[in-house]
Amino acid sequence: MKKIEAIIKPYKLEAVKDALEKLDILGMTVTEVKGFGRQKGHSELYRGAEYKIDFVPKIKIEIALVDEDLDAAVEAIIAAAKTDKVGDGKIFVYSLEECVKIRTGERGAAAL
Amino acid sequence: MKKIEAIIKPYKLEAVKDALEKLDILGMTVTEVKGFGRQKGHSELYRGAEYKIDFVPKIKIEIALVDEDLDAAVEAIIAAAKTDKVGDGKIFVYSLEECVKIRTGERGAAAL
Amino acid sequence: MKKIEAIIKPYKLEAVKDALEKLDILGMTVTEVKGFGRQKGHSELYRGAEYKIDFVPKIKIEIALVDEDLDAAVEAIIAAAKTDKVGDGKIFVYSLEECVKIRTGERGAAAL
Amino acid sequence: MKKIAFASLLTLGLFALPAFGLEGKVSGQEIPALQYALDTVWVIFAAVLVFFMQAGFAMVESGFTRAKNASNIMMKNMMDFVIGSLSFYVIGFAVMFGNGTPFIGLEGFLPTAAQADSYSSLAWTSVPVLTAYFFQVVFAATAVTILSGAAAERIKFSTYLIISVLVTTVIYPVSGHWAWGGGWLSGLGFVDFAGSSVVHSVGGWASLAVVLVLGARLGKFNAAGKAMAIPGHNIPMATLGVFILWFGWYGFNPGSTMAATVNIGDIAVTTTLAGAAAALSAFIFTFMLYKRADVGMTLNGALAGLVGITAGCANVSPLGAIVIGLIVGILVVVSVLFFDKVKIDDPVGAISVHGVCGSTGTLLVGLFDTQKGLLYGGGIDMLITQAIGVFSIALWAFGSSIVLFKILDMVMGLRVTEEEEHVGLDYSEHGAAAYPDFNISSVSARN
Amino acid sequence: MKKIAFASLLTLGLFALPAFGLEGKVSGQEIPALQYALDTVWVIFAAVLVFFMQAGFAMVESGFTRAKNASNIMMKNMMDFVIGSLSFYVIGFAVMFGNGTPFIGLEGFLPTAAQADSYSSLAWTSVPVLTAYFFQVVFAATAVTILSGAAAERIKFSTYLIISVLVTTVIYPVSGHWAWGGGWLSGLGFVDFAGSSVVHSVGGWASLAVVLVLGARLGKFNAAGKAMAIPGHNIPMATLGVFILWFGWYGFNPGSTMAATVNIGDIAVTTTLAGAAAALSAFIFTFMLYKRADVGMTLNGALAGLVGITAGCANVSPLGAIVIGLIVGILVVVSVLFFDKVKIDDPVGAISVHGVCGSTGTLLVGLFDTQKGLLYGGGIDMLITQAIGVFSIALWAFGSSIVLFKILDMVMGLRVTEEEEHVGLDYSEHGAAAYPDFNISSVSARN
Amino acid sequence: MKKIAFASLLTLGLFALPAFGLEGKVSGQEIPALQYALDTVWVIFAAVLVFFMQAGFAMVESGFTRAKNASNIMMKNMMDFVIGSLSFYVIGFAVMFGNGTPFIGLEGFLPTAAQADSYSSLAWTSVPVLTAYFFQVVFAATAVTILSGAAAERIKFSTYLIISVLVTTVIYPVSGHWAWGGGWLSGLGFVDFAGSSVVHSVGGWASLAVVLVLGARLGKFNAAGKAMAIPGHNIPMATLGVFILWFGWYGFNPGSTMAATVNIGDIAVTTTLAGAAAALSAFIFTFMLYKRADVGMTLNGALAGLVGITAGCANVSPLGAIVIGLIVGILVVVSVLFFDKVKIDDPVGAISVHGVCGSTGTLLVGLFDTQKGLLYGGGIDMLITQAIGVFSIALWAFGSSIVLFKILDMVMGLRVTEEEEHVGLDYSEHGAAAYPDFNISSVSARN
């Protein structure tokens, strides 16, 4: 099993979720995060004093899935999240050792 | 070393924390996340217009621990977080390569 | 490739970010989390009733990087985040199987 | 914008007079007309301030409870005024001020200017009937809105609306009739100038009834029966609410003259000093107990002082007001801790502030009245009369409320389901979050 | 703090009189002087309440829109008063109340006490010229600030400032002159006592124009053309705003007597009852439609009732006020749904509340006027006059607005870029977040 | 609700007269009685508005600082009124208005109605002693609450309470005695009608003292000494605060007549126009500097205009008010930038708004007074008198404050520990978060 961690632009969440649903991936966990990368923050103004905001709001989507679904999911995310502008984000893939469904105690792929 | 990532219902946090404390697991990191899964969101109403809320608030608990503690911890989480209703959540287990305690520089199990 | 996950004190974020920038690590993702550990929360008072606050605000920094950069990055984080007081936090290291840059579709180290 | 003056029509007449060689003659009518106009302006000013207290209550109650119920509480405060103003117009005003028996008013429903004779209990004020209704309706709304806070975070919205009708047509106006509507208490010489008992304690003791029928919020008492803190979600909002209430109290108390009288400034001063003294004593007392400057208790203290002085604001001296304030400021803290101890869950302290301190403040007039008070050599008589008034009003308010609310509970249910309480009333009753753009947290953390 | 009394100077004279053996003689001047002083106090009280409505509008509009635009809306409401008060002083007041043609006022720019003769349309009120300006400027500010809500979350700040100038110098004062400034409508006997049409509908129909020129917010209508909900970020704040507006309305309506007249309490009562009835009917109607106690619609209902009674507040009975309220309370809900249906994006319901219910309320005076209304046996004449007034004002407000705003759009642009709208106007126009210490969410979740 | 009328008792007498065949005879007492009643109503109305400014200051100061200190600031504003009203009652009022030397009042402690003779400096106003106290105490509270903002986010709560006592018993009343209490400045013809200097500049210069003793907040100046922005956590709340302050200013300025005089409307107009002009010039000036519509600076501009016109509101023309506004609107921006430059950390701009613009506004009366101002041909005399007043008051306020606060700092400490400042004063002083249900962020991010 794998875990995908995708960092995307917040307004792309809807599109990514829909794309994954089309692949029958019906579980995911979303976190609001702040990103630092090539897409720079901004200098802003408050009562005449400048201040630098280095971070950019991002959404992190985590999806646990079986190995077979990995490539399709990655492709789907890329397709849905891409804007060709800096800051589109990254997809990270990890190996997932075990998965348990709390409600049923099922383990492994059955638990996803 | 392993890392457990448990997605649970928010109001179960207290119970899970207590259960882990009983196992002498005294470190964890908690994130407020939003889940998408079998437990669906709701259609709501605002000024006469309907809107769909797809996500459900969840708590993610991350625990780094030594391999021996893994099974007990997983069982404890299941026991504490289970309500037998859809949306009880998942437990994911990853392999943890290294752990460092910033204060002391200790590494590995000693750092947990 | 590796992923570093560092749990630090919130006011140390600036220093850690600067330290990593000096190593030419120019990407990271930050999450506001709540920690439970040796650094205990507090008992507080509200309208005459006491209540216990078990958690402490922390910042989680995630950095994906190539294996060669790992040690330097860990050292840099320790140096920047250390206060020698309880609650300084932990650094966790995971193996990262794959990384994709959404904008370009690049994979692996090139995508970082 | 057409002018239908009452004083000015007369003065126009006056202007015309010189043409008839009567310069300087005054018909004897202009001055009363002017006085009435001034009284009316004053009473409307005061009533408008009291109206604004609805917003104050809404802020305090909402600020002192959780984010997931914030809209619900605002909405309850909006709707109890909406419903209360209509039902007090149709029924309540007549029950309270209409001619009738010593126990209840029986005429003057749907008041109009033409009906002035139906309200002989209001003959002492020069303001027109509808102006009197306007001033009184905002008081009725205050009484009902007090319950909203006590019942917060668990009462069914629909049932609360019915409660609003009951309070403004029966519970509040009946004892109001006794004291202010020419009923049996006014005959005794009972003094409750602006309503520590008639308004606040009625709201407070009805709050006790609603809380007893409802039970405590989930999680308020732990397995061991100990009171858990459920922190309010927006303390600055609650504080703004207290400022608004204090502001409104300058209508509540000085305005209860219902005329532009010589003592309105004095009343403003006793009101100020009692509120301040009570906030201070509550502050110092909790600081001594906990070594913390507890915001919630201090705010409750300020309100307790304002409630406590309301009965005697026109009858006590500035120093008397300070002493009354100091007493109720400590009392409110003790009372909040007491209700927590006996497992009565009152999220905002409504019973303590309005019930306990309202009744106590009314009693204290028997000590501090500068004419007839015990401490001023007036003997024990007034104190006894005050006690009779205080207890009979409290008994009525609590008794009628508990019966009516029990019936309501059986008929339509008073409390939301556990699931709804868990999710929060904003979603379960109104289908929308109060703060959808904010991340609402379920985990408290502190550095 | 030096006193320049007008009544008191005279009374000092009076005090002096006894010395000359003239005790008890009244010169015939004191009473009018006192009446003027009282009128002035009353009008200032009322104007100050109406001023505070700016804060109410700001809260409602900001609370009903997203966190990322919250400062921008507050700032628009601050700046439209800032700009409006200056431009109404320099130009607008003269256009509205100055002597001139039946269509426009032409004298009395930059009003001073010395110019009283330039405003014969205000001769009926005893208050000094600048007091009249003060009372009127807060009305002008109301008219313009209504647009702020309709245009929320997408209008360019700089262009909005120009719109504030246009509304307070041309759009509002011209039709205002027709009805209140001695223009052609006042001659017809058109009744709009406190401005359902003159103030509110002008703001509402100008809002329609600005919305048509602007277009809908990104994401308001989905691909299929269905209206999406864009929930307001702070419902308690919006509710506080409605309380503040209601509070201010007690200046708006009773104060429009511009004198301390006998009926100010009656007006406060019709105002209260209509607001309450409309909130109630809006509440019940949406509850029947959706089985939810919709907060936003109920708040709109309350405002609709207050807007609807503004024209007839001095001319209808309390029961008439209730019926008017019940009607507009339902109407406002239907209207909000209608504009959503036809893809006109009005984030706060300004067109429905102020345009639709303002015009309707003015029309209804033709039915409910207790002297000349159709239902009171007064025949159809008044209704016709009201219709003429309502339509001519609406036509002017909408027509002049759409022309001017189209030109503005071409000259300087009315709408921010997509990128700016996306980021939010707080950052893109003002360079700072409204709530920098809070995590603003882009993902709604609910238990 | 029993009526103790003063005018009406007389008019009841009047009503009785006809029975004796004396119809139309006026005793010569009714009119002064009515005038007093009207003056009292007016002054109470004004005082109540000024009271509400406490809420406005609380909102502005809290909104302009961080979420972790939000309750603390609200609480400081609550408690300085609580403490200030008591200590001004016991001591301050006598020091300011009591008979005594040209430098300090020495009688009239614990004012009561019976003591009217102790305050010959108030003989010019007809209102009763306690009404005068009520009007004056809210001014005293304004002076002290100004410090709360300047000292925000780092001052020890307990020490702040002592400062509240010192300001309302010594610092404010002494210079107040000079100018308004019959002291040496009033003899010179110094004009500060409603307190640009007596109230605002005293608060402002005492703020400078407290900031100098406290030092800057952690993180306000970086290693290089450059001023860092520490954004306020709730800009809509700060804006609401400015609206509330503006609203309250209509009590502050027009009410300072302390009588229902002919010019109260004129004062409302100069107040409005100066506030608007200053907001506009501050807005335009910052826009020119930064190409951003800075909300904070514009709000400071509005307040600067209101502060600046306070001295001359009854003495300048509407155009004069606009010019004064334009000047102080730019001045306040320059001043804020200046204090940042010289590393004086004033989180809300209190020194600039109240100190700099209060003093400047008082000086400008010497130019714009329509009777004696330099620009109106009155020569240089008035300007010199104004300068003497401005500088002596500023010197006293700053000098006495810095001495007293230094002593306090040595005796009990003025500043919280670094750890406490880091955690925030809500937790460290009050043991509870202002917003426990919200995720408070430590990382700013923007699209």
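When the chains are written out, they are named A, B, C, D, E and F in that same order, and each has its own residue count from 1.
In this section, contacts are C-beta pairs under 8 Å (C-beta built on N, C-alpha and C of every residue); 3 or more make two chains touch, one makes a residue touch a chain.
None of these values were measured; they are calculated from a predicted model.
Shared contact partners of chain A and chain E, listed by label: B, F. Looking at C-D and B-D, the interface holding more C-beta pairs in contact is that of C-D. Chain geometry summary: the mean Cα position of chain A and that of chain B are 18 Å apart.
Centroids of chain A and chain D (each the mean of its C-alpha atoms) stand 53 Å apart.
Averaged C-alpha coordinates put the centre of chain D at 30 Å from the centre of chain F.
Residue positions of chain A touching 2 or more other chains, listed in rising order: 30-32, 34-35, 42, 44-46, 55, 57, 94-95.
Each of the following residues of chain E touches two or more other chains: 25-26, 31, 34, 38, 41, 45, 231-232, 234, 290, 292, 294, 296, 422, 427, 431-432, 435, 438-441, 443-444, 446-447. Going by the touch rule set out above, the chain pairs that meet are A-B, A-C, A-E, A-F, B-C, B-D, B-E, C-D, C-F, D-E, D-F, E-F. Put simply, chain E touches chain A in their complex at residues 422, 427, 431-432, 439-443. Of all residues in chain B, those touching chain A in their complex are 2, 6-8, 31, 33-38, 54-55, 58, 60, 74, 77-78, 81-95. In the complex of the two chains, the chain B residues touching chain E come out as 10, 34-35, 41-42, 44-51, 53, 55-57.
Those residues of chain D lying in contact with chain C across their complex are 227-232, 286, 289-290, 292, 294, 296-297, 300, 333, 336-337, 340, 349, 443-447. Taken in their complex, chain E has these residues touching chain D: 25-28, 31-32, 34-35, 38-39, 41-42, 45, 49, 66-68, 124-126, 180, 193-194, 231-236, 239-240, 242-244, 246-247, 250-251, 254, 256-266, 268-269, 272-273, 275-277, 279-280, 283, 290, 292-296, 298-299, 302, 314, 317-319, 322, 435, 438-441, 444, 446-447.
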